[in-house]
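The following blocks contain the structures, represented as structure tokens.
Here come two complexes built around subunit A, the first alongside subunit B, the second alongside subunit C.
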Partner chain A sequence: MPTEQELQISPIVQESLMHNSRILHNLQSLTASLFGVSAGILGLESYSGFLFYLVFSLLTAALFYAVRVAPTSLAAGKAPLDTSRYFKSPFEFWAGGLMNELAGFILTWTLFYGLVRA
Partner chain B sequence: MTFLSRAITAFGGLLLAHACYSAREHTALQSLRAASTATLTSSATVATSLPVDIVLETILSTFFVLFGLVLGARPLRPIEWRVWAGKIEREGEEGFTDNSGAVDKDYMGNPFSVLETRPNFVDIRKQRREFAEWVQKRGAEPTH
Partner chain C sequence: MAQVPVQTIHRDPQLFYWILFPITIVMILTGVLRHYASVLMASAPKKLDQKTMREQRALLHGINVRSNYHVLSKSSFTARRDALITAYESGDYLKDPDARGQPPPNPMSDPSAMEGMMGMMKNQMAMIIPNTLIMSWINAFFSGYVIMKLPFPLTIKFKSMLQAGVATKDMDPRWMSSISWYFLCIFGLQPIFNFLLGSENAANQMAQQMTQMGPQAGQMFGPGVDPNKQFLAEAENLAVIEHHSVLDGVEQRLLEGIKV
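Moving on, here comes the complex of A and B:
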């Protein structure tokens, strides 16, 4: 976490921060519903469904990193898997969607499970 | 870019819908078969899992849609002020476009433009001299 002094030396643009997190949030909520659809079609139950969600969410973050973050971040001399050029905390980027979008995942998961198995 | 991402997403969605329909038909067939065998031989129903091709189709279509959505996500902006301002200075509007090439609505340009164009910085004497020279030059030229 950056200290007060570091923030004074290199300030942060709030608009860009909000812009980036909105894009990430949009992507995560869309893909969480998508994973729910797939888990429902596959007929996954209990732990395997949550494991499916965990794996695919991490995959989403990795893919997003590779497509949107890595080309400019690596060119600017950041270390691999470092998202500090676009996001404040790495936790928000890699695992922020896991808890926030779980409800959407379960919604579509149960819906499609019921549709397919009924 | 936007066309490519939309095409991939649509293709994945089509595959996903097909997989969903296949899974539905498979379950319906299973329950029908179980019902018919139960009346004939009264054997226990065999719970079969989904065929491997439907499983593969579902996972592949999920990958396709995911890839299309990630490709279609709008470009990010640097959050550090110096990186962001440097990008504006170097690239201008071109650095702040979405996938289809249109400039973002909230793009506001150079953050220091207020300073650079403030009236105190206008050299009014120089402008007056330039104006006088321009008038003289017009006066020297033959008028038609």
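Moving on, here comes the complex of A and C:
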């Protein structure tokens, strides 16, 4: 935890932080709906569907880290898998989308499951 | 243990065209309409007269000095602090200095306060009216149909919620009626609105309720708040700041940063 003086010397800009998390949120909500579509078309049921969602959400987060966060974050001397250069909490980055976008996933999953298996 | 056979119900495929798609499309269009209605109904911020504006800006000035004091040098900060504290305590920036020390007027009697309440009422109305209309529309036209099967099993408790209007005792709770599709749409359409209208949209009533719970930005200058008390509190806040600058010890930091 940086002290008050360190924060004043190199301040955290709230607007940039919000912009980052909004981008992340957009990506998560869009991909959650698309995962729902694919789970419905594949005809997954109960646990396998939720497992599908879990695995692919984590995969999205990992890809996002590898493509957008890692190059500059590692160059700035952060440890691997450390997102603190761009995001406030690692939980928000890795698992924040799981709960928030579950409703969107279930909606499209149900819709496409119903359409395909009617 | 005997395996429970999977229930199959033969449904007319036309159900999709005449129930599922209309409900979904109506829900999406209502969200779009609500977004544009709230854009159109947003009242422009009221023009303030010069005295009120000066009062508010003076207070903001104090707050900004307090939160950014570390970028000022010691002498410059002290000059600002002394000027602000004297002005605050003598009430130079007040809108009407004669009203000092009197209790604030009743917020209900102030016409400018009514405006804010009207805005909130309008928002509430924009949420409630479409929801009631769509609910009754679905109940009137589509109640009693089983349209879809959920892809995951649920306990028996959900039966009364998902199968409202379908009085079949032994049916698996996975089957859902049209009204439960409506509820799924309420909760799950947010990503679609994000995609259609941009992430700052006002389409979803759930998201709107969330933001209303949050602290209100305009609260600081709201009705019923005594500006004199705010000024005095701010003067006290400024007085207790122990000043230090970001440039304290900068030479040391610079020398540490240079690697020979």
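Methods note: the second predicted complex is superposed on the first by the 108 of 118 C-alpha atoms of A that agree within 3 Å, B and C clash if a C-alpha of one lies under 4 Å from a C-alpha of the other, contacts with A are read in each partner's own complex, and residues count from 1 in each chain.
The rule is simple: a contact is a pair of C-beta atoms (placed from the backbone, for glycine too) under 8 Å apart; a residue touches a chain by one contact, two chains touch by 3 or more.
Bear in mind the structure is a predicted one, so any value in this text is a computation, not a measurement.
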Overlay on subunit A: subunit C relative to subunit B, clash or fit: fit
First (subunit B), second (subunit C), both or neither touched by A:Glu101: second
Partner chain(s) touched by A:Arg117 [first = subunit B, second = subunit C, both, neither]: both
Touching partner for A:Ala76 - first (subunit B), second (subunit C), both, neither: first
First, second, both or neither for A:Thr60, with subunit B first and subunit C second: first
Angle at subunit A between subunit B and subunit C, C-alpha centres, nearest 10 degrees: 90
Subunit B versus subunit C as contact partner of A:Leu51, first or second or both or neither: neither
First, second, both or neither for A:His25, with subunit B first and subunit C second: second
Least C-alpha distance (whole Å) that remains between subunit C and subunit B when both complexes are overlaid: 10
Set of subunit A residues, in rising order, touched by both subunit B and subunit C: 26, 30, 115, 117
Contact footprint of subunit B on subunit A as seen in their complex: 10-13, 15-17, 19-20, 23, 26-27, 30-31, 34-35, 37-38, 41-43, 56, 59-60, 63-64, 67-69, 76, 85-88, 112, 115-117
Touch list for subunit C against partner subunit A, complex: 11, 13, 16, 20, 24, 70, 147-153, 184-185, 187-192, 194-195, 199, 244, 246, 253
Complex contacts: residues of subunit B adjacent to subunit A: 16, 19-20, 23-24, 27, 49-50, 54-55, 58-59, 61-62, 65-67, 69-71, 73-84, 106
Footprint of subunit C on subunit A - complex, ascending: 5, 8-9, 22, 25-26, 29-30, 32-33, 39-40, 44-47, 49-50, 101, 103-111, 113-115, 117-118
